[in-house]
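Letters A, B, C and D mark the chains in the order given here, with residues in each chain numbered from 1 onward.
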Amino acid sequence: MSSFGTLYRVHTYGESHCKSVGCIVDGVPPGLRLTEEDIQVQLSRRRPGQSDITTARSEFDTVHLQSGTEQGVTLGTPIGLLVHNKDQRPHDYAETDLYPRPSHADYTYLAKYGLKASSGGGRASARETIGRVAAGAIAEKYLKEAYGVEIVAFVASVGRVLLPFAKEGDDEVLGKEYLDLLTGVTRSQVDKEITRCPHRETSAKMEETIRAAKANNDSLGGTITCVIRNCPVGLGEPTFDKLEAVLAHAMLSIPSTKAFEIGSGFRGTTFPGSKHNDPFVDGVHPVTGERVLRTETNWSGGIQGGISNGEDIYFRIGFKPPATISQEQPTARYDGSSGVLAAKGRHDPCVVPRAVPIVETMAALVIMDMVLQQNARTASASLLAPVTHLPPTMVLPGKDTVTKVVNGDAQGEVVQNNKSGDE
Amino acid sequence: MSSFGTLYRVHTYGESHCKSVGCIVDGVPPGLRLTEEDIQVQLSRRRPGQSDITTARSEFDTVHLQSGTEQGVTLGTPIGLLVHNKDQRPHDYAETDLYPRPSHADYTYLAKYGLKASSGGGRASARETIGRVAAGAIAEKYLKEAYGVEIVAFVASVGRVLLPFAKEGDDEVLGKEYLDLLTGVTRSQVDKEITRCPHRETSAKMEETIRAAKANNDSLGGTITCVIRNCPVGLGEPTFDKLEAVLAHAMLSIPSTKAFEIGSGFRGTTFPGSKHNDPFVDGVHPVTGERVLRTETNWSGGIQGGISNGEDIYFRIGFKPPATISQEQPTARYDGSSGVLAAKGRHDPCVVPRAVPIVETMAALVIMDMVLQQNARTASASLLAPVTHLPPTMVLPGKDTVTKVVNGDAQGEVVQNNKSGDE
Amino acid sequence: MSSFGTLYRVHTYGESHCKSVGCIVDGVPPGLRLTEEDIQVQLSRRRPGQSDITTARSEFDTVHLQSGTEQGVTLGTPIGLLVHNKDQRPHDYAETDLYPRPSHADYTYLAKYGLKASSGGGRASARETIGRVAAGAIAEKYLKEAYGVEIVAFVASVGRVLLPFAKEGDDEVLGKEYLDLLTGVTRSQVDKEITRCPHRETSAKMEETIRAAKANNDSLGGTITCVIRNCPVGLGEPTFDKLEAVLAHAMLSIPSTKAFEIGSGFRGTTFPGSKHNDPFVDGVHPVTGERVLRTETNWSGGIQGGISNGEDIYFRIGFKPPATISQEQPTARYDGSSGVLAAKGRHDPCVVPRAVPIVETMAALVIMDMVLQQNARTASASLLAPVTHLPPTMVLPGKDTVTKVVNGDAQGEVVQNNKSGDE
Amino acid sequence: MSSFGTLYRVHTYGESHCKSVGCIVDGVPPGLRLTEEDIQVQLSRRRPGQSDITTARSEFDTVHLQSGTEQGVTLGTPIGLLVHNKDQRPHDYAETDLYPRPSHADYTYLAKYGLKASSGGGRASARETIGRVAAGAIAEKYLKEAYGVEIVAFVASVGRVLLPFAKEGDDEVLGKEYLDLLTGVTRSQVDKEITRCPHRETSAKMEETIRAAKANNDSLGGTITCVIRNCPVGLGEPTFDKLEAVLAHAMLSIPSTKAFEIGSGFRGTTFPGSKHNDPFVDGVHPVTGERVLRTETNWSGGIQGGISNGEDIYFRIGFKPPATISQEQPTARYDGSSGVLAAKGRHDPCVVPRAVPIVETMAALVIMDMVLQQNARTASASLLAPVTHLPPTMVLPGKDTVTKVVNGDAQGEVVQNNKSGDE
């Protein structure tokens, strides 16, 4: 369906040539300061025409809030919003319409629905992502204000040009240079490069390879890494909605994605447990400064048993090369006859630079929904009287009871309540 | 939550030391022949103690159907089923209980819930998977009977021992030897090897490496490939529930998983569109023999635009090395103090052989739910009168109307379909 | 949440003074002819200002389709639509803002969200119903075309002026005059009366009583009866989503509703089983003409065991008198101080005439969703091979097997059905 | 589906003659003291054979917890539980099997699924309610401990024997005697009467009328009133999941129910707004003693705009006379031929006494789920910085900001957090 989330929920509509694309966002906490500008930032990072290595189409994608806020504050009611489509003309017939584009959604949409939009596999269009980017931008705002959450994505590879993840043959799970990016990179550093790869040298090579592909009427795939910092402990709903499972779902719902890995990912499968386990150490919470358990390494990617542990959550997503290329491709027409297709029009030779804000906002949607679900649990559990008979092996050592674990002193002090949500 | 699916839905309960583990399966079509034996097969492939390279615990995991069938036929009502736990004793206190196991769910469960089962991160236990394997086994039965769907998973790597995916430096997306496995391998071939890697030579090396890890009180990760053959065209619900997105969700909800890739996956991101696109060709449907469009290559992995295209769906999942090892690990206790942990007991040195049926049944759950959703659409659309004014570019060439696309001849036969709706 | 339905799903946004109100409708079958005019009809029946006994505000409520159709045909993708609000001015401060209106949503919205729209309990506004009416109008169109479903609602009482349901003290569950209305009344008959009560004599009394209330700055409650004819057999999802349960949910989600009864309702509880049971008789299907079991009486209201039986579904809904009246009411201010409130502005003295299309379209949303769910089941079950060993007491007499029940001849034809699933 | 709830969710399985009936309860807050005895109480009030005016079958319905608790405390993980069926024999063929019982689920189950359990419309059996009663009993325990919520249901009418709701022709919406019951009646008072009508005189007449019906091989309908006291303010999710809408859904999912009314209900529709509105007064919270707005009358039934206002929530449910009677009934067989059916076996002549705990526990399921949803909102909103620019008409007078509304002082004092859930 065109809905995502349980308590924080976005519903999207729209495709390339209809009147508008937009969404309804339900479950936004009341009292959040929110203006169109907060949303516009990510829409503008997503829009086409930002540089000569993305599509030359230029659409401004101005967001229009319809409901759910007053005087710049959210009311807790659904937020309707939309972006008008510049080009609403019905698609003109073209010779290319006789062909399902190879590796595109044309054929499968037709097979699924029995008919299709004249412009092709409508909802598979990248234009559909506008709604989710907008909804995710609202989630980001809340998460930043309430918990100090930071979400930063960047391009990690384009074709065969890769960031230095690790030195080949190395005995490290991941190399220091890459880990440093995870720890420190900012959105403004990412946006300094038109490739959105924040490693100057690699970025230059990426530009070169993208320009070569473009000149060749070809396209390129790539990967994006995303890191979520200061994520509250305890997010993720066992057993089917483990945090990494829902993140994978979110990421693979982005057009053109084909792969997802959390933490050490596929590379981590080649290491023994003794090297891969993340030992615990005494530490402090990065936002609140409280003493908490931390891990020395973080090959788990901030998630253990499907639940966030407070370390940085990081993952990588693979994007295939865009299917629409203007090179000639021998392929069958809808009627089965053989032919040669050369797509017309302006297309992204490589989508990963523009996909960066989509990845970030989808991550925000997931974390936001999980925060609401976990807050429901901790707020409700905090109202129960302390249980005093449990053995210490079932509760955090040094605490006598579950409610003490959750509430501090419990009796009069549901006080630290909010902490259980944010650590 | 502990529920998965929209129309075909499984809800599971249970952990290691409670009375039983089980599930409720809702949405099973009425009239399916089903006995406990149909379910037992996959539970037995999943159970511990099958060979000396898996855990030495031996549990028979006999399934007991509680409801939803009579005389060996499903009634369409929810199927309750359970497997008794052999060992229901409360966990005895041990020195190791003072430690959250590194990279395990102990700490995160405690942080999430404020208390935890004495036996550790309860629902993160592999024992929880019994319910889903049972539910998936029922789905497999239906899919086989109704559509001839075949789902086969196999171990593709253990630690650094890999199946020959492709020759290094090769210009192929994936090599012929691997593609042949996808096309032809059977479950009985897979089960011939205790590693469940159906490539004899590789399997032998895997056994060796697992035994070495075991001897070293260490553990190993690995990957599993799964292929779904004869999958109906048109499955997957745009835009958030793309077929690959829901498959990724399902797979990353399996304990210890860290990575997922569909079709060419991460490797595919390094190829240009001109090499990666799958050209269409005139072909025949493998089950019904009808003339349909097929693709010449299948780097898409059977899914385009989030919707199945009738080609084999294949994907690969990464499993980290099991966290519980009996090697000594320096790590902090719950109270923050430093110590050294050496886990007791019998543990799987490598989970991938036993995870094979879990992967298959989770895949079956996804496909089954999507089949029901798509059947709702096509059955309902088939009752509408043909639309005759659409341009040929919006409907399958050679067909005039949507209902013709869906129903074959349509005109005189829309009537008949009516029945399925009202009786 | 602001979503309703499982497979046919509407999400709404908007309140009184925001830019627009609208919805996204997901799950519309592809290939349905649909234009804005199809939707406008019910919106216009719902809009304020239709007669002097409803509110004097006049808004035209013109619907604008945003997506999901092309050339007047649905694509199967989400339909976005909206109606601009004429009056988007922020609410001006008034003395009355110091008061929560008695029996209104002002206080509870504030308590729930911590803040509220300046115009009052925003989403509780009748204006919110525009989205659902639009979504229901689309469902009505489908149900009419695919199954010949007719949904007609009418006003059954206003204050103490009632339609003749039954003669008092009578031994009939419901009287003939009322039953005849259920069987035969049409929307055009309903619309002939400005009260929307299709019984001339009663309608005249209703008008009189409404005008008296209006003159007295007071308001009146009332009831609406709705009948669904030609509803397919087999709708309703046991056990929590029984058809009457979901209808009750839908109806009591309409603003101002306080009561729901299906079939004989509360009155039926006073009759013994021997009088209340509906005996079966041999009959014919009203649309297809097939021989089917019918019932002689229909006190069940077309639903038995939570599942439709093919007879007319009828139910009645109670609406309280509107809370906003311009009479002076002694009541506390938000700060607890006592005062006297007299609401300004134009208000409906009685909402039931305008609520008629809301009831009809909410009914359509329920039936539509249930049709899709049941079609998923029957289409999927029809692909299974016949079961031949069941005793005749478990299958319809005269039929050997379940698939025969579902498919007619079954044996050689299960094959064909396969198509709907895989193309 | 067989699932109910969003965050507090029950899934049930089982019918009359299968091995067991049971459920999985997901979303139980961790740290709740819970034993089988807590659940057994309501199961025992529900079980057959409690008096000579209910069915003579005697089943003890002992509950067996399977998972989700340890040492008498909930872990926050799903609770599996089951009750063994005493009689698991397959149904023996009987002449009566040739008949669909009038007004029973036999025919509709067969029509829906194409086949049915040999024992009749399986899931429509009252035996299915065991799972939900158990799940609701857990919810009751939590609500009582966390908020002091009291839920009491009682029989309000049997056939034509009614409690004194109001004096006929009276100008009161509801009479004092009935209102006093709502305010004060306890479960132990209800259980003193075998009819579960706590009004001695009326109860005696009910017994008499039930015995007469039983002697006549007939059955009787009736109504049940339920009151929820000390319900937190702010429950109910606009717009489709208004509190009364979800309560209606829950109640009409109970077998044999046909009608639902909240507060003044149908009777309230006959009063003008000036009489029906509930004026606000300065008051105190019944549990916390805080100063809050209360209402002078409570014809709204504790819900305004779909959201609880802190007053008692009360509603009434109509149950039809049981369909299975041993009187002879002329009716058609499945094959359409005419005949006469006289059901064998022991049946409840009137279900309302046993339905009392079902009504209470379904109410608890609804309130519990709404509490969790609202706690998610308030806990999350409480983490935002205060908004200071809103006009006083948008926030509670005397408070400057939304967070002050929610949190008291906000800065250091998320303290009153828990109150926002209960006011």
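FYI, a contact is a pair of C-beta atoms (placed from the backbone, for glycine too) under 8 Å apart; a residue touches a chain by one contact, two chains touch by 3 or more.
Chain by chain, the UniProt names read as follows: A, B, C, D = Chorismate synthase.
Not measured: the values here are computed from a predicted model.
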| item | value |
| --- | --- |
| Partner chains that chain A and chain B have in common | C, D |
| Chain D against chain C, contact positions shared by both copies (same if over half, else different) | same |
| Between chain A and chain D, centroid-to-centroid distance (C-alpha), Å | 41 |
| Euclidean distance of C-alpha centroids - chain C vs chain D, Å | 23 |
| Where chain B touches two or more other chains, by residue | 1-3, 12, 27, 30-31, 70-71, 73, 76-77, 112-118, 123, 233-234, 238, 310, 374, 377-378, 381, 387, 390-391, 394, 402-403, 405-406, 423 |
| Footprint of chain D on chain B - complex, ascending | 1-3, 9, 11-15, 18-24, 26-27, 30-31, 64-68, 70-71, 73, 75-80, 82, 90, 112-118, 122-123, 423 |
| Touching residues (chain side chain A, partner chain D) in the complex | 6-7, 27, 29-33, 70-73, 76-77, 142, 145-147, 238, 371-373, 375-385, 387, 389-391, 394, 402-403, 406, 413-415, 417-418, 421-422 |
